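Next come two complexes built around chain A: one with chain B, the other with chain C.
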Partner chain A sequence: MEKAKLSAYQLFVLVLLFELGSAILVPLAIDVKQDAWLAILLGMAGGCFLFLIYLCLYYYYPNIPPAIYMQKIMGKAIGRALALLYILYFTYLASRVLRDFGEMLVTFAYPDTPMFIVNALLMMAIVYTISKGIEVLARAGELLFVLIYLLAITGFILIVVSGLIDINNLKPMLEEGISPVIKVVFTQTLYVPFGEAIAFTTILPYLNNPKKARVTAISSLWLSGINLALAMAINISVLGVDLASRSQFPLLSTIQSIQVADFLERLDVFFMLALIIGGFCKIGVYLYAAVSGAASLFNVKKPSKLVYPIGLVVLIVSLAIASNFAEHLKEGLQVVTILMHFPFQVIIPLLLLFIAFLKNRKKTG
Partner chain B sequence: MPSFFKNRKEKKDDQDEKNSKKLPQFMGETLAGNLEIIKQRTGNSTDVVIRILNIGFQSEIKAAIVYVEGIVNDESVNDFLIESITNNRALKERMTKQNVLETIAEETIALGNVQTVNKWDELLVSLMSGETIIIIDGTNEAIIAGTKGGEKRSILEPSTELSVRGSRSSFTESIRTNTAMVRRIIKNPNLWLESIKIGKVTKTDVSIMYIKGIANDEIIEEVRKRLTSIDIDSILESGYIEQLIEDQTMTTFPTLYHTERPDMVAGNLLEGRVAIFVDGTPFVLLVPVVFIQFFQSVDDYYVRYDIATAIRFLRIFVFFISLIGPASYVAITTFHQEMIPTLLAIAIAAQREAVPFPALVEALMMEVALEILREAGIRMPRAIGSAVSIVGALVIGQAAVQASIVSPAMVIVVSITAIASFATPSFAIAISARLVRFLFMLAAATIGFYGIILGFIMLIVHLCSLRSFGVPYMSPLAPLIPVNTGDTVVRVPWWTLRQRPRLIGNKNNVREGKGQRPVPPENRGMVNNMIEKGDRDDS
Partner chain C sequence: MIRKWIVMLLMMIGVTLISGCWSKKELTDLALIAAFGIDLDKEGRYVGTLQIVNPSNVAGSQQPGGGGGQGTAVSVLSTTGDNLDEVSRRASTKISRRLYYAHANVIVISEKLAKKEGINSILDAFDRDPEFRNTATLVIARGTKSADICRALTIIDKIPANKIIKTLKTTENRWGENIFTNIQDVMKSLVSDGKEPVITGIQLNGDPRQAKNLENLQVSSPEAILQTNGLGVFKDGKLIDWFNGKRARGVVWILNKIKSTDVNINWREKKDAIAYEVIREKTSVSATMKNGNPRMSIHVRAEGNIGEARAPVNLTDPGVLKKIEKVLKKEIKHEIQDAVQAAQKNKADIFGFGEAVHRSAPDEWKKMKLDWNDKYFPKLKVNVKVEAFVRRTGLRNKPYSSNIGK
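Moving on, here comes the complex of A and B:
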């Protein structure tokens, strides 16, 4: 572990930026059409329960990174294998998010630029940041948080002022009953983006005030859930269900439809700013999770040395995981959720918590 | 090989020892011998004045007064030293060979600062810094009388940090004048001053000043440690010290603040900072600093808060312009033509029709031309300065456009950027922005706004990674310290600005009482009763 201390507010900001990261840009839970916002809110509630599991594990071992406490709980061999799997999981997720961003940028702004260049430039900024340590990422997050909220509030005001919102697009609520919503919650929104907060288990040990972790993280998840639901509701009410579900990036379409006073239009650059800041934070946290996990698993004194190789792996994997965007999306929705998110975000933490609970009860008893 | 070097090193040490053996460390007994050594050590320099006096009841005691012409105060040497030693009859009678030194040191000299030494090194350093030496035959000690003086520049208005409101004085080259100017503002015994000499050859006076109880003791200790570890032959300006004690050297951003305004120093001392004065320069260093401080000017605290806040917003906006102004132009004309209104896009395209270069080359040419003009403007003799500005205005304005080398829009962008970089209160940060601007232009030319945004994120990360004497550079914004954000991008009213910066100062943070908000009395008793009465009478 590096020497660093994070305040509760910094954790709050990081969780929020991480959750908003890519989720605010993609058509989240669009399968349930106008009830997407409800699916997001329910997913957020479930995500909070998942995060409580991670927090319970953290409170059992408050100053130890997960790669070490897994070994304490499960024994050396299994613990090490699990820690390694988690490192691979985080690395893979980092490259998935990077691929998402590469695809988006190439699609809407740089059709002639090879994706390698786009991804490599973003990765360069992220590797630079992570090599400076978690404190620097947290501080930069604090500034970017203000920036992104200023953008969001400005955008919201502009959308309202240009009279684009049509509440009727959100009706009827629960057209086909609650069951499709529940299904989407348990197949999508619970894991992405809320369950993904498992990456923060590597950051929690740096908190200077562990008591505040629960309140901070949960309130941050709540705020991000509300923001995501609001953004999705606005997207649908501006674009209509039909357009929103067909659009690759509904937020971009919403922003593009802003027209105020024949002057404030084509605000794509704001979308790009939000997109890059979100991607930066999300990939940054994943990369940090992978790097710090590897550092504590393999006893590397200076984690910053591992940033460059793992960053390079993330970059190359992001280009190699799929031959096109459709394949990438299909993998993400069908394979990754069942084979990776469910076990890594739900099963293994539950198992760990159960065994940790038994062990600690034995000790006190 | 290693043994070879080892031997050589030992040899050198031997030589040093031999040299020091050759020169006597302590003073001798005879006046002639001592004077001979002074002459020898100063190489018979012509500005070293040696005046031989005969003192005592029967003028039987020989003494010498030694000083360096020009750096002593002539008046004190003549009136309070030579005059009082030679003409004081009452004392003359009591003077004997045995007590002459004490008598002169304690009773005769009419100067404030008097001490005795017997080591040559100390004596010579005092002599060279403007003290007067009195050597008496038959004693192995000398008296040093404080007669520092000589020609000094008078206190003038600040030339680089102008303000509309506030004190009109700026520091001078004399360290004593400078510390006195701050003492005149903060009349408090807790204002402490420590001095050391830095520079093996120049022996420059360097002082650190802080307010005991407000400044953080750890930071003071850190400053002391860093200053004493400096080992260099000369300190010619505070910039030497700045570069030798800063936290992070791989950055274009200043992590020490330099100022020539006494009120600026006083204000920062009161916030818990430490000031470093260097003799021979009007620029005083302040540590630790934070990024946002470079956007604050003394005016902000003198004018009302609403105006100060508006001006700070303007400055930060202007800083962004000076960073990404030309870069945005390059990005828009090369990659994102759709982002500006169609009519404007067509107009710019029409202007650029005749220009043979890509936008980046155009922007680089103009920026470099501007930098040349600016540099020339600084070095130019005053008399021909106006010629340069006329030629510059013609060349990089009208003529360049007519010759189809650049487009008119580019000229506008470059001029706005240039003006913007002058509007930043601190020259140190404006010059960093000038450098970083070129990186942004390259990023924009490579991949448009994506490059600018990535560059911007990396800039933020870089700024967040900096520290100044242990204090995070972006505090109190990142890490966020809510009570201190009142004096950052905004400046809240004085009556709510109750705490000093928390990371910089000591634990004693409160600087203002509660309830300072001015409340006018309900009835001022200043109503014009006459008119009211008259009105009533009429009705």
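Moving on, here comes the complex of A and C:
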């Protein structure tokens, strides 16, 4: 474990940027059409519940990284195997986000540039940041947080001013009843983006004030959930359900629709900035989770030495995981959710918490 | 020391690589497309007509031929192909520069194409391409080939595409018989079960051969001129009818797109004696279900001033204004009802009544949506309620004509 201290505010900012990361750019929960915002809010509620599980584990072992407390809870062999699996999981997710990022940039901004170059450039920046430690990422986050909110507020005002919002597009509410919404919550929004906050278990031990962890993280999840729901509601009310669901990146189409006073238009750069800031923070956190996990599992004294090899792995995996964008999305929605998100975000933490609870009760009793 | 040099070298490489020369597009290598026209040729292939801006001829003085350059502000060329991507790429055989679509603001579709093949399948290329913007305007070339519309040179605005857009915007704001529809709006209506698109028609008055001549602009009254004319009514993606004049304005009333317009009413046997200028207008459309049948109600609320009074009328009397308001209501209601009846005859729900039903009665809508246009819409009961308010009468109260001969 490196010597670093994070303030509660820095955790708040990192969680928020991480959650908004790639989720604000993609058609989240569009399967339930105009009720997407509701599915996101419900997913957020579930995500908060999941995060409480991670927090309970953290409060049992406040100063120990997860890779170590897994061994304490489950025993050496199983604990190590689990920690290794988590490292692979975080590495894979980092490369998935990197792939999302590269696909978006190549699709709409750099059609002639190979994705390798785009991904490699971003990865270089991230690897450099992470090699300097988590504090650097957190401080960068503080700056980027202000920037992304300025962008979001400007964008929001411009959308309202140009009269694009048609609330009728969000009606009728719950057309097919509540069950499809619940289904989407439990198959999509609960895990992506809210359950993904499990990566923060590796960052929580650095908090300078552990008591504030719960309030900070949960309020950050709330704010991000509200932001995401609002963004999706705006996308649908501007584009209509049909266009929003046909868009690879609905937020981009929404921003492209802005036309104010004949000169404030074509603000694609807003999307670009949100994309790069979000991608940077999300990949950064995942990469850090993988690196610090590996460092504590294999007893590496200087975690920063691991950043370069794991970063390279992330880069190469991001290119190798799918041969086209459709395949990548399909994997993300179907395979990854069932085989990875559900066990890693729900089952294993619950199991760990249960055993930790029994062990600690024995100790005190 | 060596380490420092390596870092330095890496930074230099980074600076040169990252600075964005990868997919550079020099301005002198781009052909800026202002408008894109689509026609069908005899074999059923697409003919794309590209209106390309000549930057050097646009800059400079407003008079054509003077200042900036000797030639025309735009150059136009046409190519054929089986789809629009092929058309666009084949055009490279005729032009030295890379076609750049980010500023293509007008898409012209010929009436023949819209009638015969429909527009269901041709918009995808515009929707999909990241360079092209969904906010481009769509118009129908009425009575001519879209190539002729693209080739026509225009007065006042040098770039014809700009003239089309500005004319559309201005006439929508001032007169209200045409609407400004972009590709995104049209696609939304095409996809929706409860709404059919309407697209403004644009026609070329005069000889197409004259229209593309620079001499056409050097006279005070050009022989050929572009003009918006009517609203094209679509059904299942095909153009089926044109609504003109007041009927077209009736459609615009219902779509809540009237910003300001002029409504004339008769006063004591004198035809169109009083002109009423609408300055503010709001239409709300709602649906209710009665005994399993949908019913529409349209509520129009217009505010305006008296713009002209050609008959002796005492405008100082609020009672008279009330009377004028009453006649106005009738007049506006008549326009709206006429538009509704005409659309019902065409069996095309261009007003989005189906969407209103969908919003208010989602369960019943599921049963109706498949044959909404053919079965339910033509028999729909539509209740029109109009409120019209005369707020002010301009600088004068009574017209001078009421004092003549007194």
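Everything that follows uses one rule, which is that the second predicted complex is superposed on the first by the 365 of 365 C-alpha atoms of A that agree within 3 Å, B and C clash if a C-alpha of one lies under 4 Å from a C-alpha of the other, contacts with A are read in each partner's own complex, and residues count from 1 in each chain.
Throughout what follows, contacts are C-beta pairs under 8 Å (C-beta built on N, C-alpha and C of every residue); 3 or more make two chains touch, one makes a residue touch a chain.
As the structure is a prediction and not an experimental result, all values here were calculated from the model.
Using the contact criterion defined above for the overlaid structures, shared-chain residue A:113 touches chain B and also reaches chain C. When both complexes are overlaid on chain A, the residue A:14 reaches neither chain B nor chain C.
By the document's definition of touching, of the two partners only chain B reaches A:273; chain C does not. In the superposition on chain A, contact is made by A:171 with chain C only, not with chain B.
In the superposition on chain A, contact is made by A:242 with chain C only, not with chain B.
By the touch criterion defined above, A:121 lies against chain B and chain C together after alignment on the C-alpha atoms of chain A.
Among chain B and chain C, the chain that touches a larger number of residues in chain A is B. Contact with neither chain B nor chain C is seen for A:32 once the two complexes are overlaid on the shared chain. Across the two superposed structures, the residue set of chain A contacted by chain B and also by chain C is 109-110, 113, 117, 121, 266.
By the touch criterion stated above, chain B contacts chain A in their complex at residues 335-336, 338-339, 341, 447-451, 453-454, 457-458, 460-461, 464-465, 472, 474, 477-480.
Per the touch definition, chain A reaches chain C in the complex via residues 107-113, 117, 121, 168, 171-172, 175, 239-240, 242-243, 253, 256-257, 259, 265-266.
Against chain A, in their complex, chain C makes its touches with residues 18, 22-23, 102, 130, 133-135, 184, 187-188, 191-192, 355, 358-360, 362. Of all residues in chain A, only 7, 9-10, 105, 109-110, 113, 117-118, 121-122, 124-125, 128-129, 132-133, 136-144, 146, 263, 266, 268-269, 272-273, 276-277, 280 touch chain B in the complex they form.
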